[in-house]
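One structure follows; several queries about it will come next.
Per-chain residue numbering starts at 1, and chain names A, B, C and D are given in the order in which the chains are listed.
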Amino acid sequence: MIKVSIVGATGYVGIELIRLLQQHPEVQIKDLISKSNANKKLVDVYPQFRGSKLEKQTLMAIKDFKPEESELIFTALPHGVSQDISFQLVKSGTRIIDMSGDFRYHEIDIYEKWYGVEHKHPELAKKAVYGLTELNRAQIKEAQLIANPGCYVTASLLGILPLIDSDFIKSDSIIIDAKSGVSGAGRSLKSNLLFSECHNTMKAYSPAVHRHSSEIEYILNEFLRGSYDNRSSKKRAEVLFTPHLIPIKRGILATIYLDCSRKSSAREIYDLYADFYGEEKFIQILKDELPEVKNVAGSNFAQIGFKYDQRTDRIIVVSVLDNMLKGAAGQAVQNMNTVFAFAEDAGLEATALFP
Amino acid sequence: MIKVSIVGATGYVGIELIRLLQQHPEVQIKDLISKSNANKKLVDVYPQFRGSKLEKQTLMAIKDFKPEESELIFTALPHGVSQDISFQLVKSGTRIIDMSGDFRYHEIDIYEKWYGVEHKHPELAKKAVYGLTELNRAQIKEAQLIANPGCYVTASLLGILPLIDSDFIKSDSIIIDAKSGVSGAGRSLKSNLLFSECHNTMKAYSPAVHRHSSEIEYILNEFLRGSYDNRSSKKRAEVLFTPHLIPIKRGILATIYLDCSRKSSAREIYDLYADFYGEEKFIQILKDELPEVKNVAGSNFAQIGFKYDQRTDRIIVVSVLDNMLKGAAGQAVQNMNTVFAFAEDAGLEATALFP
Amino acid sequence: MIKVSIVGATGYVGIELIRLLQQHPEVQIKDLISKSNANKKLVDVYPQFRGSKLEKQTLMAIKDFKPEESELIFTALPHGVSQDISFQLVKSGTRIIDMSGDFRYHEIDIYEKWYGVEHKHPELAKKAVYGLTELNRAQIKEAQLIANPGCYVTASLLGILPLIDSDFIKSDSIIIDAKSGVSGAGRSLKSNLLFSECHNTMKAYSPAVHRHSSEIEYILNEFLRGSYDNRSSKKRAEVLFTPHLIPIKRGILATIYLDCSRKSSAREIYDLYADFYGEEKFIQILKDELPEVKNVAGSNFAQIGFKYDQRTDRIIVVSVLDNMLKGAAGQAVQNMNTVFAFAEDAGLEATALFP
Amino acid sequence: MIKVSIVGATGYVGIELIRLLQQHPEVQIKDLISKSNANKKLVDVYPQFRGSKLEKQTLMAIKDFKPEESELIFTALPHGVSQDISFQLVKSGTRIIDMSGDFRYHEIDIYEKWYGVEHKHPELAKKAVYGLTELNRAQIKEAQLIANPGCYVTASLLGILPLIDSDFIKSDSIIIDAKSGVSGAGRSLKSNLLFSECHNTMKAYSPAVHRHSSEIEYILNEFLRGSYDNRSSKKRAEVLFTPHLIPIKRGILATIYLDCSRKSSAREIYDLYADFYGEEKFIQILKDELPEVKNVAGSNFAQIGFKYDQRTDRIIVVSVLDNMLKGAAGQAVQNMNTVFAFAEDAGLEATALFP
């Protein structure tokens, strides 16, 4: 049993971490830190935790938090805010899994350009390890600070990585059309997140300029240049990414368009996925069918299907996951399991909640 | 580890049982029987089970099923259909938990009147034990055939039972206004269950004549006459019940109106609930707040809140649960745990999935 | 053509009024007053008005508004706020239709008790005319200040009024269980109105203490004592009202429980409705079926169905309407039509938008 | 006033036509033909028409229908079925607007290949006129048989046509990622259209092989070769189209990706749209913002926005419309208005229903 704390415990990612950790066989939840709800009882803010182990847990202000008493801390804070807090927490020597965008880039200028803020701790960012488990397991095991990937990014990378370095894929003309449920936007009080504004409608937003664009492209390029294995590809990735807001609670569906430089086949493409993921527990490659959000919502699984269109020489990849789980808290727990050598699916065994 | 099978495995209740049982620490799923999908692989009908222990499970026709090889069988069949099949299965000596309405009444004439069908095995119905766990735990432990309660019925009874025999409650003028998500209607192909017909609308249906009316009233009267404990009340229950269809997937909210024969207080009423449920794991009584479906959806918990209105001498009770869990499959597993003396919440530890 | 202005034009009721009025054959929209969006173009706040007559309309600050230049002003403001503004506007001599609760009560103490605020202009409230068109048409025609009814109140009164003074109905034990879509809560930034908090769940709120309780009961008692016709009943109304929030955009469904003092029949009850409403354009009484929200959402119609339950001596009335139309802006336009002797359905001819 | 009939009146497109036509100032609805509901009253099938002019209308079997008594007939039938029926109706000399895919292609082999059925009346298909009003107004005015476009097709073409023949747009690498509400799938009883299967989830379907792919590509090529004006372009269109099912009732959002062969600018692109659509009533081009479904749902408007991404040399076009209106029945009425020289927006003046 390890002692785990969460800083930023009452945002949606925070409570998803709580939900998972309170049933984790190897974890004892220690402190739950919340700025907006300090000193309240958790069950008074989120009544779904009545009847759980956390029935009596009180939320803590960060000034009262002693990081060295935990063996792992999840920081679930807005980007910008996380820079300083994680910097302070790292000093305690405790391992950190950070859910924000603040430590996902070793190239600070890319971060600063796309996020529009200065990075105060670039040296720490350069030491952070990118937490896409299936991509970077070896480094994750040794990391003190893990930068957990963005939700759109996880869905996109899982669909693209197995193909991008193949000889017949054009890596520099990738289009990602992604659709997300509303929980991905968090609990902030914005009029465009009101039920009456979101329900029974949909929209595109931030086309070509969403921050996750840069993260997808950056990680693909790191991958091609060998940062996660021994490869050294001459290819370079360029990504056009358009997110959409869809009136569901949980779930991301990324439709990815890849150009081919020669004829291929469904079999060849399937084999690339199968080789890349092998026995990966949480990645499911579908043959001759496409995934739906309901297959994975409530679980840590990602499902990937594809269609090879010989007529237009393109591959359409469809990648789905639950943005709160494999897209955020679930992958964070998977990373924790990796770090502490627990079973990788400990606490993550649930299948999708359907209907 | 016990071996458990499900007859009617591919309806919504069937797959919810599968979802729960495949992660249950004491259960091995043996056979999954399906009429409509026999000989198909489960994952080809319900892709959410990819990656689970049931990845390779094939659905079985009932003619190939050997009930004596299981230690427990769940029958998740339409009422009417379940009568015969459960009758046959009982002969094997295996314990049965039946999800239909067929064995919930010892008084067969009530069943026949409200269900509009003849009961072919009334003697078996009389031996069946009603499976509202918190009400009937002692008998459930010894039962061979457990009749699992209806979803509306569970929500209603949990809210009414602690009060009905009190001196100041009028038991014969109970009004229940219940609202259910659409999953409660199952997967049948009816035009009124299409998305375009259900979404963004709501309706009442079967006011005063829904079958669950009779079940609620029947069990309340059984309770008053002492069938579940040693009481012998002279009171008699009469219930007016109106269900409504609401465009959510899971969840029942029952708003119950009780007349008082004298002034009472919130304190007195709370104490009745607290006394009745004591340390019950799955029943949560709220003080000074009302429950919402999101607090329990995805969990086996029921939450009950109430408002005492001195002005009109009435109590408004609000009872919520997940119709697939405490309202169906979850309670069935709870009953299984009771029968086999497993921890009552084994396999049922999940808190609500929110957001 | 009359000139009409709206004060509070960019709330949900305000824009619904705009939507209706811009297509009204007898109306020219003059000024649109908005505190939060003054000096912006309407289409920049609500892009659905592109392509309409209001394409170029700019929102006005109230300090620039000259009420005497309009022949009718709709005030769509929060209660409390409307008291003063309507008081000022009335001085201009222009007719006012007020959408708030501020002028619905002649008995100021009831208002002050249930709304928890002092009324600064009680003498004006006493002169205001209650705007349930079908109940009070004669007075509406002559009114300078019309208090447009609450949404829940309209749905409830339409279902109850035809029966309440009948010899076999107990008027003092009425229970109303009402369900509303989220648009009824307006556009205010509250976390409980976020999509992620409302979707796929439901809840009861303010049982027995919601302000509309008092409005329903007050108007029923005014009706019984003859304020709207020549009757003089000795009956007195008492109402228990519980609202619920349902994840749809538009629509109210009120389920009303009435006790009978003797046996009645569906025929007798139907005749009471038929007599009361006669040729009313917007009220539809259903025989042998129940209404659904989708039958009326997008239209100014109310549909009422009922079930007489001989077993429990009760009538279950189900009344549905669109909270934005017959429950607010539609009824306000109907009142305008009445005042100016336009066809009562001018601008209100739409049938429900389905699917 | 012209007499208009509908064959296939009780499908979703049929009732949307009824909804529009019953308020049309120049139309008298004559006969409503329905196979599945012949001899029933319309209001017994669709209660939302209570209170309308159609209160007493009875649905007719086609054998009783005399087409020569109408001046226009809408055929709202499944493809395949419409071939023969429209062929018979055309003989009467009455004008026909056909909602199916059966008469949208002059090149019958494309139809037969993508629809997988033989065309029995190719000569009639060759005489039919394609009914995208803004594209083909001159021919529509003279047509006897108008083939009303598909819903996805209308959204896609409206976004692409103004740009495709420009010197800097690559016409042969168009990607369309389209999202549709569920009403587009009609009222057929398929399990994948049940509320419990569609709600709170999303999916892609028929990537690259959906029939609307071929219609979009075919019409773009017809346009390039000058079938609708005097142009004669050497360009050729190739389209990759992927539709998605989204849990809303009405609305299509098409995200279109166009490659540029040289640097362009938002200004240049906006001017292309502005030139192409000029004073078109129903087409709205947005500057510096993107459209949302809620801006148009319930109206006949299409809104188009775009983002020029200099980094990747691509244009992202977002086109939205209501699939029941501009995507089906609304455009059909617009075509009727064009044929009979009514105001083009007669009966189509509604703005979006929001919230």
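What we mean here is this: contacts are C-beta pairs under 8 Å (C-beta built on N, C-alpha and C of every residue); 3 or more make two chains touch, one makes a residue touch a chain.
Everything numeric here is computed off the predicted structure, so don't read it as measured data.
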Which of A-B and A-C has more C-beta pairs touching across its chains: A-B
Farthest chain (mean CA position) relative to chain D: B
Whole-Å separation of chain centres (CA-atom averages), chain A against chain C: 47
Intercentroid distance (Cα basis), chain C paired with chain B, Å: 39
For chain A paired with chain B, centre-to-centre distance based on mean C-alpha positions, whole Å: 37
Residues of chain A touching at least two other chains: 12, 183, 196-197, 199-200, 247-250, 291-292, 294, 355
Chain D-facing residues of chain C, complex: 12, 15, 19, 22-23, 46-52, 183, 199-200, 249-250, 281-282, 284, 286, 289, 291-292, 294-296, 298-299, 301, 303, 324, 349-355
Touching residues (chain side chain C, partner chain B) in the complex: 173, 175, 177, 179, 196-197, 199-205, 207-208, 238, 240, 242, 244, 246-251, 253, 255, 257, 290-294, 297, 307, 309, 311-312, 314, 316, 318, 355
Sites on chain B touched by chain D in the complex: 12, 182-183, 185, 187, 189-191, 193-200, 247-249
